[in-house]
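The following pair of complexes shares a single chain, chain A, combined with chain B in the former and chain C in the latter.
Right after this comes the complex of A and B.
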């Protein structure tokens, strides 16, 4: 399958002042040799606790950060090629954690239009893109509303619409549901999955294991490295290693694991309530 | 110290076109030392309710009785009541402002007119229970990690020695490790300081692990109340108001429907594993 994002031994270092000694500078690696590939149209979830390097990796994908060493290619273009920086940025949209920090206009549709306006898109085309984007995230009814009256989930969908209006190939979402309530989280997940089914590549950073379980593939990061990679079923079988690096597993996986440990013969890779219930019923 | 809320109703912007009933005849009794979970989605009225508990909002209709005293009746008593009920807002780390961790935590007690010596002791005690070690007391709170900042902010409230601690979404935005750390510390506070704790959360899993009793609030009304086992068993009722039970509760329900003889009210993975094993081993 065609690779849309690829990294080879990607390293990103930053320098921090050492406390108490003004002249001493220490180098720390936020990414320490990352090799990943993401295929076109894939839905990849990235897990890892705070400080593991996930956000740093995300920021490399649309060239907000530039690698210290190693290689990275987005749509086959090297991110170190300054000439083509804008090609990469217009193909990769980013959605961040706090919806309030991403909305700048006083009217929803104006906010969504901000991106394409800056890309120099023609007015008639902008109108079309804004309408399409709002429809796609289910916010068309709120086009003329002020954003501050919206719920967190609705604001986050407006932020996604703003990205869609730039017609990206890849959307990177950095903990987009962390500040939302259960209804808002579900709304955002539904939109993300819909966009993925329409062919947009999704890179989704989250702490919620139930969200990661819906991805095609999970990448787990720890101390600037990829420590686990595979389908949700494969990754969530590694209950002990996941817990050791401070991550959760979905309760269903935990129940299945508890039963297996007690000697019950259950197959691997159980992630949904239905699947678990079906397997347990077979035992009777 | 018991809390008794009777017929509490609150209407925002009363008499204007934006009038909104945020609380609608709420009745709750909380005993001293209880650990309470308050669940409801955004806009359900839970923040309005907790703002009443330390009289940031005064009861307009109905009453709140804390330790036999009707709060909000006598304005001169507000300060005393507010020092009994500590409120930790959402993202409390946004309220940090001092130059050092120590000074930030000391701000509350110093303002209450407490002696420097007593303040020092309170600050040390509060920081100890939230797990901040003395060697970083003189650091700026802004140099800490998100979870640490939040624990310092909670210490600031603890240093006022409240008898009731109300926490609004204390785990929002934290990673699993930061979340476990905070919840563990809150459990300690409840047990060691014998505090009455009211924990507001969206996370059923968090609530399930900690609390004695749950109130579910919806459209300004108490929709459900009871022990965790009773609440988590009511899957349909929870879903109707846009919430969900724990994944374990769903597994338990499906197994019961498939003819497994499981007891009601299972909501933790450990418990269901035990019960399934009993059933499976019978065969």
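Right after this comes the complex of A and C.
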């Protein structure tokens, strides 16, 4: 399969002043030798608790940060190549955590048009893209509404539409559901999965295990390094190592694990309630 | 939650509302300029008639226009009195102690007051019938010629748009902070003006801090969406002048023709 994102020994360092001593500056590594590859059309979830470097990694994919050392390629283009910066940015869309802080215009459709306007797309084409994008996220009824009257989930869908209108190959979502209620989270998840089924590569950063369980592959990060990688079933089997770095496993996986320990003969890799029910019914 | 209306846009479906914002801005500027050239009261009557017709067409209830006047009522009164008391030429009408009121002073005061009132009403019609975003676009267009001498037209317009976008968000946040502090015993309602002002400090500090954070996030989001100023930028909504825009301009031209004719006649007949 074609690699759309690839990193090799990616390092990102930043400097912080040490408290109490004004002249001393300490170098900290947010990313400390990351090697990952993402295939075209894949849905990858990145897990890790606060400060594990997952957001820093996301910002590299869109060239918002540039690596201290090591390499990173998006669609085969090196992110350190300044001349290709806008090519990369126009094919990698980014959705951020706070729905309020990424909407620029006072009307929903104007905001969706912001990206293609920046790319210099012709007016008639922008109109078409905006209508398509709003339809795709199910927000077409709100095209002429002011954004501050929308719910959090709706705002995030508008933000996704704004990215879609730029026709990206990859969408990076940096904890897009962290500030949403359960309904909003479900709405966003549904849209993300739909887009992935339409061929867009998704890199989804989250700390909700249930959301990560829906991905094709999970990458677990800790202290700037990738510590685990594999399908959700493979990753969530490792209950102890995950707990050791402060992460949980989906509730269903934990229940299945408990049952297994108690002597119930359940297979590995149970991540959904439906699957668990099915397996339990199969028991004698 | 607090109710927020941005600007003072009054939504209605009228000829004036449908006009291109650039044309409305241009007409308003011309109208205000003309007001300052009109010297005689017949001219003012004509301007008032013109305004009345425009208001009628715009379908904006007149009370909305007077609301705008109330805000600057004090300035109007002040200017008027200044003109009455400080004009010392002309025939004395009334003299009490050191106060001397002359006929020229009275005429000047009336003239200034009328001008100000009409100026406010004229510009209120613009803001009442144009959405803030349209107005921003019109201002950007109007500033374009000055780009050569370093006026950042696009940046000014973008700043205005973002400000408009974030006013409701910040008001909501202010409300939240206020409630959070009231829940912990803060008192915003009692005390004199100084005490009240001081109680605002703990409100404004968190609000400022969070605005900086928002600005940071927003800048990142804009950059991620390929924003780089107005380099190679297009717009989804193109502004196009239509027949009605030229009709409006024609109507204004007609008004100016009348005013000029009147001014000329007034000079011949020797009335002010």
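As a working rule, the second predicted complex is superposed on the first by the 284 of 284 C-alpha atoms of A that agree within 3 Å, B and C clash if a C-alpha of one lies under 4 Å from a C-alpha of the other, contacts with A are read in each partner's own complex, and residues count from 1 in each chain.
By definition in this document, contacts are C-beta pairs under 8 Å (C-beta built on N, C-alpha and C of every residue); 3 or more make two chains touch, one makes a residue touch a chain.
Everything numeric here is computed off the predicted structure, so don't read it as measured data.
Asker: For the overlay on chain A, clash or fit between chain B and chain C?
Answerer: The answer is fit.
Asker: Is A:198 touching anything from chain B or chain C once the two structures are fitted on A? First, second, both or neither.
Answerer: neither
Asker: For A:184, select first, second, both or neither according to whether it touches chain B, chain C, the two together, or no partner.
Answerer: Touch partner of A:184: chain B, not chain C.
Asker: State whether A:100 touches chain B only (first), chain C only (second), both chains, or neither.
Answerer: second
Asker: When the two structures are overlaid on chain A, which partner does A:118 contact: first (chain B), second (chain C), both, or neither?
Answerer: So A:118 only meets chain C here.
Asker: With both complexes superposed on chain A, which partner does A:26 reach: first (chain B), second (chain C), both or neither?
Answerer: It touches nothing on chain B or chain C.
Asker: Thinking of the overlay built on chain A, is A:283 touched by chain B (first), by chain C (second), by both, or by neither?
Answerer: first
Asker: Which of the two partners, first being chain B and second being chain C, lies in contact with A:82: first, second, both, or neither?
Answerer: Neither partner.
Asker: I'd like to know which partner A:246 touches here: chain B for first, chain C for second, both or neither.
Answerer: first
Asker: Report the closest approach of chain B and chain C over their C-alpha atoms in the superposed model, as a whole number of Å.
Answerer: It is 5 Å, taken between the nearest C-alpha atoms.
Asker: Indicate the residue numbers of chain A shared between its chain B interface and its chain C interface, in ascending order.
Answerer: No residue of chain A touches both chain B and chain C.
Asker: Considering only the defined contacts, which chain B positions touch chain A in the complex?
Answerer: Spelled out, the residues of chain B in touch with chain A are 41-43, 145-147, 172-178, 180, 202, 205, 242-244, 246-248, 250-251, 254-255, 258-260, 269-270, 272-273, 276-277, 279-280, 283.
Asker: Could you list, by residue number, the parts of chain C that touch chain A in their complex?
Answerer: Touching chain A: residues 6, 132-133, 161-162, 164-165, 168-169, 172, 213-214, 217-218, 220-228, 232-238 of chain C.
Asker: Can you name the residues of chain A that touch chain C in the complex?
Answerer: That would be residues 62, 64, 86, 89-90, 93-94, 96, 98, 100-107, 109-110, 113-123, 126-127, 130, 146-148, 162-163, 166 of chain A.
Asker: Inside the complex, what are the residues of chain A that reach chain B?
Answerer: The touching residues are 49-51, 97, 151-152, 175, 178-179, 181-184, 207, 210, 246-248, 250-252, 254-255, 258-259, 262, 264, 273-274, 276-277, 280-281, 283-284.
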